[in-house]
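In the two complexes that follow, chain A is the common piece, with chain B as its partner first and chain C second.
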Partner chain A sequence: MRNANEVGNVAEIVSLAEGVGRLVHDGDMVALEGFTHLIPHAAGQEIIRQRRRDLTLVRMTPDIVYDQLIGAGCARKLIFSWGGNPGVGSLHRFRDAVQNGHPVPLEIEEHSHAGMANRYVAGASGLPFAVLRGYSGTDLPRHTDTIKQITCPFTGEQLAAVPALNPDVSIIHAQRADRAGNVQIWGLVGVQKEAVLAARRSLVTVEEVVDELEPVPGQLVLPSWAVTCVAEVPHGAHPSYAQGYYERDNAYYEKWDSIGRKRDSFEDWLREKVFTMEGAK
Partner chain B sequence: MSGGEASRAEVAVVAVAELFRGDGDTLVSPMGLIPSLGAKLARLTFAPDLLLSDGEALLVTADGEVEGWQPFRKMLELIVPHGRRHVLMGANQIDRYGNQNISAIGDHAKPAKQLLGVRGAPGNTVNHRTSYWVPRHSRRVFVESVDVVSGVGYDNAAKVGYSARRFHDVYRVVTNLGVFDFATPDNRMRLLSAHPGVTVEQIRDATSFDVDTEGAGTSREPTADELRLIREVLDPEALREKEVPS
Partner chain C sequence: MRTDKTATADEVVAELADGMTIGIGGWGSRRKPMALVRAILRSPVRDLTVVSYGGPDVGLLVAAGKVRRVVFGFVTLDTIPYDPWFGRARQEGSIEVTEYDEGMFAAALSAAAQRLPFLPTRAGLGSDVLRVNPRLRTVRSPYADGEELVAVPAQRLDVAFVHLNRADPHGNAQYLGPDPYFDDLFCLAATRRFVSVEKVVDTATLTEEGPVQSLLLNRSTVDAVVESPHGAHFTTAVPDYGRDERFQRHYAECAKDPGRWPEFADRFLAGDEKAYQHEVTRFTEESR
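Coming up: the complex of A and B.
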């Protein structure tokens, strides 16, 4: 079931449009991961451009990348633990969708950070669920039906069980891949490895495809066989940053507040910055 | 705030710093400006062994210099099961037993206001010490009953029993008006100290539930050295005054 790599045994190097077109389908459960650093923004916008619908979006910390997808009407459900514009405030498209059902209603499945991370770990490990102490005493089990009580068979302690996350497709951004599709990530890493290993299919966008991956201290390597497709997308994490390539564009995050705040300014942005790019890649 | 006179924001920074007195080698995760100023002040003065997180994924010194990494994986593998941690979170709503809401205002499925989400609160509150920072103490925040329990308060931890109570430690709440704790027989919130210039009546008026104010003192004034550190080293641009106007 996991790592089925429907396309083949090793990663194939494709264009971004082809990768999204081939791997992301209407109705899929899609995870875009990367915390603060290496957020796959270009891939998110390509999903909008290809007009995918009814997606279940998964992400520990939905920020601008999901505000854009939600505002464009790509999602019917969000699985998350924090949704905001980091350092700035709220995500207005996300709030409009939850509070007013605009442009389409958005169902939410809310978890804690630890719950999300452990759900990915369970998914990547081929286990059906994860166990946590957190959630005891909160209202979340009443609102989120993927939190159940479980009794420890050894101590009798009451704990929370959360089911594995196995996205249909996980998408991450990394610094480099080689021509065989081995992926190299360094700097701050969140749950990207778990998200890719838990997924049925995966797309990794990279700053560059190189002949050989020179080792970097603290690196994480995802072997080619764990990845379905790799696409070279320079600046694919902008406005977040890619260590060794570019800095975070803090002004963009601030500007997003005014773009995302109103439906019409968001529609203008979609038209000018996403749809007019159609066929460009 | 010229001369020796401390502003309300400066009193709040010191009240936050006092949260960490005696914590020893604890990882402190302060969320927000005044929380991180307070944690840094504590480290520069009476709590030199604190490990400070930047609220995201780095460990920093009081000067903001990076001294380590703390991505999700490290938190889960090292800090939560083996380390000591004290988190200072915000609260959109908080009640008399310290239940905190940061998820949604109104019905969770169809909220009047979708907030940022529960984040680490469900795990923090049942795994290690947690305190709260509220920059604008009002009846909208200090409510009779929170809409979505995100961080666990004393009554709910007691209802669950061992699993939630084992490490449960909601320590204090610091606001722009005063400092509160839960050290009462039934763990109801009580006023520990009102900030200088704030009356008990003012605090009662800004709180929806009945808060025990008996025996409350006055929050201490910053020392001259603390004022110098706050004004010259930690926050020379005085951003603190925007978070808590005097």
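Coming up: the complex of A and C.
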């Protein structure tokens, strides 16, 4: 099922433009993960810049990063749990796409956080589905047909089943990689490991590429052979934060409400902040 | 809420009742809570179901007639392939067994830890594990793939016993060796969780000897802490000490020969933990 790397292959260190160009194709299922922390915003904007279309976007907490991709017309479908601008309000580009089909219609598949995390774990484990206690007493199974019931063969109990997620490409942001492409990540690590291991290809943007990964308490290391490409993108998580590097830019999240609220202001933002950067590394 | 959870081995073992299911952490002949196992040997409890990546813990409990069933991925002494007591009990059919693949064993504990009745796994498919475990079932994917997987039933534990290197009195416990094994999973799957350690230390000093991630157990998953120096003997508790290979060979030789076993049991297992450690010291000195 997975073909991230042939045995013995290691991650290649590339530019962000090259990484997105090589790994993200029109029509792909793409997961950008990072749970409040280390959200790969720079990679998301590079996907917009390269004008990818018909993507199925996957993410726990689609926030500004996906509002931008959806508003730019990159996505055909969103598989998610909880969508919003955290602490601020709605995602207006997401709302416009669902309610008005602007700029293109957006199909949605909504899950719970536990359901999404279990889906990545199943995908990373090579299992077709995961079992959990969840969704019961909610309306989600009525709206989301990928949530099924499964009967425990021992107790007869009804439990929730969710299908494995195996994205074509998963993209995460991490603090550091070494020159061999081993990735080091610490702080809130969300489902980044599972998202990378479940994916056919992966791109990791990092704050810096270093000679040696100094151990950090609570670190998670993704070995080079589990990663397809690494790109050095300082500040690549902004406006989210990178523990040990920079704080969350809360003002940006607040400002996004007025930028994303209107089609015109969003188009201005796209032109000024994304497309004028065309060709930039 | 009790914050000082220190207790003696005999106090925690007194909580056992006949017929209970107990989990024993460690792995083969490595970081086994042997002092707690020896306390079980001294207690009147019987008919236990023992859940273990087994080593001499299983052998000693079988030798003492404490065991009705063993749930295991393997039982080995590492440098000696088989535990003689366990091997003999299996051959004679004097104990019931649930033999799992190691991955299935972990799935059974994971299911219990997540309070799920079962978990699906690929492990065991196409093997005789399904034939020798008629109680195992399969489960079919409810999606288009329709794939059939092994359903592993949750292995809940009444009590978990584990041995680590350090703990504070509140039950935050630390391993300083290379491998956590599945000790955290054993504790998450159990109703009562008892950890023995080489040394009880202040909370603030826990991170002086090892990094934050060596704090394997937190106090919410531990009910009692037993300070038990050399409590893993004769299995490993690196870096505090390695396996006592000479003693393990002696155990295995005596276990192999029913004629010699009473001599071993009388010398090492008839008294309390202090008497055991004293005899071990004498045994070591005899070889010098």
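As a working rule, the second predicted complex is superposed on the first by the 275 of 281 C-alpha atoms of A that agree within 3 Å, B and C clash if a C-alpha of one lies under 4 Å from a C-alpha of the other, contacts with A are read in each partner's own complex, and residues count from 1 in each chain.
One rule holds in what follows: a residue touches a chain if its C-beta (ideal position, glycine included) is under 8 Å from a C-beta of that chain, and two chains touch if they have at least 3 such contacts.
Quantities reported herein were computed from a predicted structural model and do not represent experimental measurements.
Once the two complexes are overlaid on the shared chain, A:132 sits against chain B and chain C alike. Legend: residue contacts after superposition of the two complexes on their common chain; A:117 is shown touching chain B, with no touch to chain C. For chain A, the partner that touches more of its residues is B, with chain B and chain C as the two candidates.
Of the two partner chains, chain B is the only one that A:143 touches; chain C does not reach it.
Shared-chain residue A:159: touches chain B and chain C both. In the superposition on chain A, A:81 makes contact with chain B only, while chain C stays out of contact range. On chain A, the surface patch touched by chain B in one complex and by chain C in the other comprises residues 132-133, 157, 159. Of all residues in chain A, those touching chain C in their complex are 126-129, 131-133, 146, 148-150, 152-155, 157, 159, 161, 163, 215, 217-219. Residue ranges on chain A touching chain B, taken from their complex, read 35-36, 60, 80-84, 90, 94-95, 98-99, 108, 110-115, 117-118, 132-140, 142-143, 157-159, 188-191. Chain B meets chain A in the complex at residues 56-58, 69, 71-73, 76, 80, 103, 108-114, 116-127, 148-153, 156-157, 159-164, 166-168. Here chain C touches chain A in the complex through residues 114-122, 137-139, 141-143, 145, 147, 149, 151, 153, 211-213, going by the rule given at the top.
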